[in-house]
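Look at the two complexes coming up: chain A is in both, with chain B in one and chain C in the other.
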Partner chain A sequence: MEEGHGVARPTLTERLRPAILLGPLGIHYLLFFFMPLVYMLGSSFLKFESGFATEELTLYNYQRFLFDSFYLRVLVNTLAMSLVVSSLTTVLGYPVAYFLVRMRSRWRSTLVAMVYSPLLTSVVARTYGWLIILDDTGIVNQILLGLGIVDEPVRLVFNFTGVTIGLTHVLLPYSVFCIMTALQNMSPTLEYASMNLGAGKLRTFVKVTLPLSMSGVVTGFLFVFSMAVSAWSTPAILGGQNVEVMATLVYSFFLGSVNWPFASAIATISMAVSMTIVLLSGLVTGKSSVGGF
Partner chain B sequence: MELSREYLLSAVLRVAVALVFAFLFLPIVVILVASLSGEQYIIRIPPTSISLRWFLEAFDRYWMEPLQLSLVIGIVSVILVLPISVLASFSLARYEFKGKQITSSAIYSPITLPAIVVGAAMLQFFTLALGLRGSFTTLLIGHTIVVAPYVVQYVIVSLQQHRIRNLEWAAMNLGAGRAEVFWKVTFPLIKPGIFAGATFGFITSFNNIPVSLFLIRPGMVTIPIKIIQYLEYGYSPVLAAVCVVTLFIVAVAIAIAERVGQFTKFLQVQF
Partner chain C sequence: MKMKKLILSKSAITKIQGIIIAVIVFGASAGVGYWYLVLLPGQTPRELVVSGYGAEFEDLIKRVVIPPFEKQYNAKITYDGTGSSLDHYAKLKASGGDPGWDVTVMVDSEVAMAAKEGLLVPITEDKVPNLKNVYPKLQQYCGQWGAVHYLEYQYLLYNTNKIKKAPESWEALWDPQYKGHVVIKDSTDYGGAMLIVTAAELAGGSVNNIDPGIEKLRQLKPNLLTIAKTSAAMVPYLEKEECWIAPYWTGRSLYYKFTKGLPIDVTIPKEGTYSVIVALAIPKGAKNKDLAYKYIDFYLTKEIQRDWSAAYTVAPARLDAARELPPELASRIATTEQAMASIKHVDPTYLAQVRDQWIEKWKKAMA
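Let's look at the complex of A and B:
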């Protein structure tokens, strides 16, 4: 009888099955992922006194961050840099996405894999590559000095310029893929219709293609933005001592100080910023943008 | 007139795309060239001399120990987390239940949340709440969390192939029991997905920086962190050689995954 179509009510074990299947991973996450995060949140409200975290609760750690122009400037710098990076990835990524979606050649899947491949290579290797290119004695400066365009090396690294270049490079593939998804979901007949009605290629692009792919542009922009806000490796390596962003701040306060309650507050603020962007992205695109993009 | 303008537009597009591709591959090409450089400090492109001596230097214990640790951590964390991730994927791909959306966001959240915050939170929790110092175990636990969401993501994709459901029904109608259906029908069909997820998980762990950063201790450092630590003192072409070795390991992992299941196909499905 149970084989009957949808007549029999599911048994209790049947209904509990999804929970049972999720159980082991759920417990693993709870113990080693959610508990640490909750512990950090709790710690951020603890009062720190003469070298130790006390049991006393306080909002001081957050006040200290929010009323100090140094920390606020780090936050603003991080957001500004991320804004530049996500704009750059969008501008550079759009033509590539458009080209890859429209091309009809057997090389297409190879080129798509090529766009993906930087995501599989380590950030350290790619960042070190940029260091060789952008450093004072690097390739760009060797060329500029050699051609006599400049008299002394241009500072391209260990500042926000270097970090912006590096992050744009690291995050560009995400932007390309988000825009590609939107372009693929768009019916090409709309473009044919526009061109049949006499609009040129450029006009069709501006009036039809671009507006219809906006969802991908926005998703990509916000995705890259959220990744840039929380990036550590690129700012740490290409920024050196001169660049402080939220992630490097979290790192240096956890490993360079004993005031973990304040470090936890910085980390919590950093997480809140990132989650806001992810939620915003969910609102804009009407779907949860977590995991699949 | 109109035709030549269209031609111009498409030429501009092609040039723009070629430039972006050049930008994407520039640092990797530079690393490859630098690793073969015969010079000591300054890396000239094109190089004035070529040698393999940096690779010989890269095969020193100084670099091989961290490399070995990264390999072991990557492989063991994937193996540990694989069975429980596959079970969870079944739940998300096959069942409708209350709070499914939140559950899946929660499972993917190690990807979405700032990794540096996750690493820092683990350090604090392991040290203060569990009394654990940085060790192989803590590093391994941290990496299981890094790896799990990717495995789940890939297995869900492979479970969503349409023909799996039909073949399972067919097997059941022919009288196969639940276990038999799983081992004889479902598992062989999702094996490429599991393998792709495991490979992607391994690569993510192998390249991971922000979580490792907090869970290492002196004498037990993963390879990306070792490179960063070395960078603080200045650079030498040996670093480029070490980077090339790590890139080679990732390439081998992908080649194996490509043979066992179509790894590159899965990469495109993900988006």
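Let's look at the complex of A and C:
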């Protein structure tokens, strides 16, 4: 609403404006995101028999997952891994975001570009890079062995450690940018005011800066969390035989046995669980947080 | 910053004009991109659209098979090297049998599935005379729905620097001295499925009773470096010589040995091995079926069978072509009826039925 209009009734164009602005993207989402989701949900109720999906409806696909401790463990592992990754990206990302927002150097834009530069390379290439760095003959183990810190190479890949390192790297920029956005919207004068009134640097940070940037922290956390839950290539490459997450399960049944109904059910469960967590955290941390970006 | 000031101070364009210009600029770039990526390729003249695999496969087929065919039949081939066998099946299924190709490549299990769903046209001897020269034991797995044009075996591959003498049995994978240097393929891959059968047979089971094999594979875990999702994903471990021993397919292993010079060799252990049968198939919606039949027939001639197998280092579907291969390849593949007996195959229809359970059992044992 433009200011001059005051309380006057909005004109037709004004009332249509949201529809006009949201329309094109809305149609795109409806066709290419919502419809496939409906299709996926539908096929998760189909019966799979002798290698083919039949037209018969069943709840068996959900039953097979929810009443099997193996699959439930995969779900819990996935959530735990995503929790670790999103916590790490937040803790590592906050100082970077703070530094980038507050700095007044001419190198600022270069440094910002460096933060998002990982996004310019394919995830697969980056993940293979980690494999070379982290495996038994990789540079990390060479240094550890060379310094005599360890006697035998430490297993840093083909387990959750490797996947966590890889995912944290891949997803860090998202967290940094969410926090940066929140910090940018906060005037530094508030910090000066706090210090002027006698608060120390730490107290100012805890009482003023952090609460005011909380929306960005929460948004970044949830953003990274939902991306980590659905990540496939990093767990597939860095996880090896020891890591099974929801996305690799979906892959196995979708492509391995062409059991699309069961794969759809796993995907639906995965999405439902992560969406519930995201929405609940939104409710708990207040409305403003989720709208933060 | 400077830019913004410039526009504001001159007030040369209004907000509405700005929006219109932006819409035109972005719309035009989207349009040009769409034209270049989608419309332009559709307009280029074509006669036969052949779908196959990418990478080395594409380079070799464009050298060995396509040029002589184009010359002999005065035809033009458009080659689409995207996707795996399973991707080809998925595209066939998604398009209702009309993915835009005239011929595609799939392994027998995907041919069986596509045939069952009515997505393919029959390939018969009156349309493809050379079909009668394909080794019958192989052709039976595709029936009339695919023309077998080569096969690969699961070899036992080993690093010649680390293992001096060719292992005689699949048991070598469990040998404690190779601890941490064994790489196998995932159960979702055909190679992983064949390893389940091989392990089952070693442990007293069979293709119909794989539980002993799953238990046997559980015991393989301490020896594993990793489980790879695809054949390509195994290459870095072979190159870095971290993988000393592994089950691996014919084509790629010999290609890496002969072309890339990796210190590896292959052997068929005394228990025999399982094969993957690769066939050419014609989608129901193919635009140029007549030329597609001619292409398949051409692929099955003795000369092309020999040249293709020599180039891609795989076993041809014709035994007479196998005998004409260069010696370093011929010595590593089955060229006689007798040798063919050690090459086993799992019925694709049966595999499609049990695959789901196999994957679940494998995951529970290996995770």
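In this section, the second predicted complex is superposed on the first by the 233 of 293 C-alpha atoms of A that agree within 3 Å, B and C clash if a C-alpha of one lies under 4 Å from a C-alpha of the other, contacts with A are read in each partner's own complex, and residues count from 1 in each chain.
Throughout what follows, a contact is a pair of C-beta atoms (placed from the backbone, for glycine too) under 8 Å apart; a residue touches a chain by one contact, two chains touch by 3 or more.
Note that the structure is predicted; figures quoted are calculated from it, not measured.
Look at A:Gln241: by the touch rule set out above, it reaches chain C but stays clear of chain B. Once the two complexes are overlaid on the shared chain, A:Thr285 sits clear of chain B and of chain C alike. By the document's definition of touching, neither partner reaches A:Thr209: not chain B, not chain C. Of the two partner chains, chain C is the only one that A:Phe70 touches; chain B does not reach it. In the superposition on chain A, A:Gly256 makes contact with chain C only, while chain B stays out of contact range. In the superposition on chain A, contact of A:Leu22 is made with chain B only, not with chain C.
Contacts of A:Ser122 after superposition on the shared chain: chain B is touched, whereas chain C is not. Of the two partners chain B and chain C, it is B that touches the larger number of chain A residues. Of the two partner chains, chain B is the only one touched by A:Ser230; chain C is not.
When both complexes are overlaid on chain A, the residue A:Ser50 reaches chain C alone and has no touch with chain B. Comparing which residues of chain A touch chain B with which touch chain C, the overlap comprises 128, 131, 137, 236-237, 251, 255. Of all the residues in chain C, the ones that touch chain A in their complex are 86, 89, 113, 116-117, 180, 186-189, 221, 224-227, 229, 233, 236, 240, 242, 349, 352-353, 355-356, 358-359, 363-364, 366-367. Residue ranges of chain A in contact with chain B, taken from their complex: 17-19, 21-26, 28-29, 32-37, 39-40, 43, 92-93, 95-96, 98-99, 109, 111-116, 118, 120-133, 137-139, 142, 169, 172-173, 177-178, 180-181, 200-202, 226, 229-230, 232-233, 236-237, 246-247, 250-251, 254-255, 260, 263-264, 267-268, 270-271, 274-275, 278, 288, 290-293.
Chain contact summary for the complex, chain B toward chain A: residues 2, 5-6, 9, 13-14, 16-17, 20-21, 23-31, 34, 41-45, 81, 83-85, 87-88, 90-92, 94-95, 97, 101, 103-118, 120-126, 128-129, 141-142, 144-145, 148-149, 152-153, 203, 206-207, 209-210, 213-214, 224, 227-228, 231, 235, 239-240, 243-244, 246-247, 250, 254, 264, 267-268, 270-271.
Of all residues in chain A, those touching chain C in their complex are 48, 50-52, 70, 74, 128, 131, 135-137, 158, 236-237, 240-242, 244, 249, 251-253, 255-259, 262.
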